[in-house]
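The same chain A turns up in both complexes below, where it pairs with chain B and then with chain C.
Coming up: the complex of A and B.
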């Protein structure tokens, strides 16, 4: 991108600070709704970084797919499973956090070392700039045609799989009318199948099965 | 007033940023007890990989931009993964009434 180095540095530092602080917030904040919104902020900042890297099409795709679809999906999941529950204490949790933090710091140092010591082949050829979108289209319909078509099959499979996994199966039929009973009402009184301390089941519901 | 810095943002700066983001994602993946947060950590890691791909595409492969094509495929797979992951989470929640990762141990010896 043909902007002055000073502006470029300011944009990079601001965006990367947003990315780092936002990702730490996603991981560390106790309230998961705040985490989800911060995740949206991280996605937007990453899209800004893509713009700095001469990739306007992928930046648009990032905003549409990640912020528009994935983040909204995560927010819906939080709404659907948001139940206040007190998590059982685990022995040795601080030690576990410390150990995994050490492992992650070691991984980071390893990546940093590779980053600094490798002789990268820069500067390469000059970036394509605004022609990038045209070139991506050329790639997708010539040498990356098979992965492109496979991606469509993958998305179809994921859609069908998500529907099959998340749908509610109808268990019960109303004895009088013969119609399917209201599933939401049944799930309110039904004991979940795999809860460890299963209390007594509702005998009225059991008899209708 | 001349504030221009002669050096552009180098490739290494983007790689360091991606490494930080990836390690944060790994830590969150290991330590989260809420299953939704685990999925969010996976998204963070995928974004770190995408930043790497885009940086290499812009700095080293400027004319062919194969990195951008790969980033588009990664975004596609991430969307599919998020949909299936959240569907699994929903069905798990319906059966166990919890999102605590420590209690999803049905298949553990």
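Coming up: the complex of A and C.
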């Protein structure tokens, strides 16, 4: 065994162990923040596996999209709503855990069987190396154009949905005066907060004096 | 006396001298094979050398940077600045570093010790890894990976996770909010940054930093990308400042008016890691601006013309040694010119508010970067000779 293949073997073992242990941690750890950080670790290890397959562009894209965007957004969501609250007890939790564990084990056995029975072509096709970037670009703009565009429409829909959800508690009627609210005022006011436009009309300030 | 930038150049010169002219790597491996080692073992022994050299160069770059920051800040404010630690205070950054090294390493009692330690490491490692693709000459980089700048963009997207991690682990509301703000700033400026890089990549037909520099060095200073991508240059520079959390975008830290954001609970060496990370990132960003827009290692007049004028072949060993060293000097010079501008900007511009920051990123820079990309694509089709058909 040469040094190069030995190194490769060690890297493969370490990355695979990181993926397996990390994903188990993501599912099993009680602290959701740890799960989210471990998920980032799993994504990074998968990127490492891509790198070992000589797919450097896919590896970098994996890091950029999954670690840099998806995982950061998950963390944002967790940290913005991370309230310490005790959840209501779910009835029959042990049975539910048993059932979901059984489904996962069945899926795992199925995949194992697929792995063992499939005649894998060893060694696989030769890696494209640095030409992969050009090839991926060609495919994205020719035979995979429709899925590519559909994915962008999907993302646009998700974005509009997020905006609608985030702004749903906008009042249509002004609570104090009872008049229809000017929708333009929902945008933030441009003047700095400390500049007071009419101090003597502010009832809150009156009462404190 | 040897000033700091010169000592940096002296550090890197041995690498230049041999590997541009004589190819240090192969001669090193041949020598070791002469002692009866296998080629694989010799290659393995070679591998850590350039990495160590670049790591040392990065750290020395930070020391120079800190000294420059102190001296230029002092000059802007009509002070003298550090003057007792070494001649002109050149040892001051070293003293700063030693002070931080010997400070007590405090982990707050209710903090999450593991994540608290891991956070600064996650901030620093991607920045150091990004030096992999910074070229100082045709063969003077650790690895000419085909995805070049894309690797840098991907790596720099890991940083927000470290910021969020340290903000969360400190168990302090200011730290958490500071971490969220820093991460929000970092991810919102990454998009216009990537779009500005994409326009350059489109002109070079390659993601590799070597190819990007080579495409700019046909006619010396006239062919640098800054003339073809002035808008892209400005977008990239603004975004790079925001990514490095430099003024006018240093809201996560904002030393005069806020608690120090995600760094609040950090002390000693862990704080020094943030400090080191931000300065390495500044040097790295300046180097990448030099590579992407200012012709990288290229001299304002092409060295081929100069060599031809004095009747020397470019391939002569001595000429190669000289051009290699000149390339390193030029890269470092351009980068430190940009660092100088960044430090001047720090003392001339007021800090923006968080809403102004996000407005600037999403409502101004992003559309401008998209238009820049579109115009570049159009120009490339219309004038393929000038915009890299």
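Here is the rule we go by: the second predicted complex is superposed on the first by the 161 of 209 C-alpha atoms of A that agree within 3 Å, B and C clash if a C-alpha of one lies under 4 Å from a C-alpha of the other, contacts with A are read in each partner's own complex, and residues count from 1 in each chain.
Note that in this section contacts are C-beta pairs under 8 Å (C-beta built on N, C-alpha and C of every residue); 3 or more make two chains touch, one makes a residue touch a chain.
Note that the structure is a prediction, hence the values are computed from the model and not measured.
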Here chain A is shared; do chain B and chain C fit on it together or clash?
-> fit
Pick one for A:69: touches chain B only (first), chain C only (second), both, or neither.
-> both
Thinking of the overlay built on chain A, is A:32 touched by chain B (first), by chain C (second), by both, or by neither?
-> first
Return first, second, both or neither, reflecting whether A:79 touches chain B, chain C, both chains, or no partner chain.
-> second
Classify the contacts of A:120 with the two partner chains as first (chain B alone), second (chain C alone), both, or neither.
-> first
Using the superposition on chain A described above, determine whether A:95 touches chain B (first), chain C (second), both, or neither.
-> neither
Max touched-residue count on chain A (chain B vs chain C) belongs to chain B
Would you check which partner chain A:57 touches, where first means chain B only, second means chain C only, and both and neither mean what they say?
-> both
Which holds for A:146: it touches chain B only (first), chain C only (second), both, or neither?
-> neither
Between chain B (first) and chain C (second), which does A:159 come into contact with in this model arrangement: first, second, both, or neither?
-> first
So after superposition, what is the minimum Cα distance from chain B to chain C, given in Å?
-> 10
Chain A positions touched by chain B in one structure and by chain C in the second = 4, 57, 61, 69, 76, 80, 192
Can you list the chain A residues touching chain C in their complex?
-> 2-4, 33, 37, 40, 44, 56-57, 60-61, 63-64, 67-69, 71-72, 75-76, 79-80, 129-130, 133, 188, 192
Okay, in this complex, where on chain B does chain A touch?
-> 3-17, 19-28, 30-37, 39-41, 43-44, 47, 50-51, 54-55, 57-66, 68-69, 71-73, 75-84, 86-91, 93-100, 102-103, 106
Which of the residues in chain A end up touching chain B in this complex?
-> 4-6, 8-9, 12, 16, 19-20, 23-24, 26-27, 32, 35-36, 39, 42-43, 46, 49-50, 52-55, 57-58, 61-62, 65-66, 69-70, 73-74, 76-78, 80-81, 83, 85, 87-88, 90, 96-97, 100-101, 103-105, 107-108, 111-112, 115-116, 120-128, 132, 135-136, 139-140, 144, 147, 151, 154-155, 157-159, 161-163, 165-166, 168, 187, 192-196
Which of the residues in chain C come into contact with chain A in the complex?
-> 40-41, 44, 115, 145-147, 150-151, 153-155, 157-158, 160-161, 164-165, 167-168, 176, 179-180, 183-184, 187, 190, 207, 353, 355
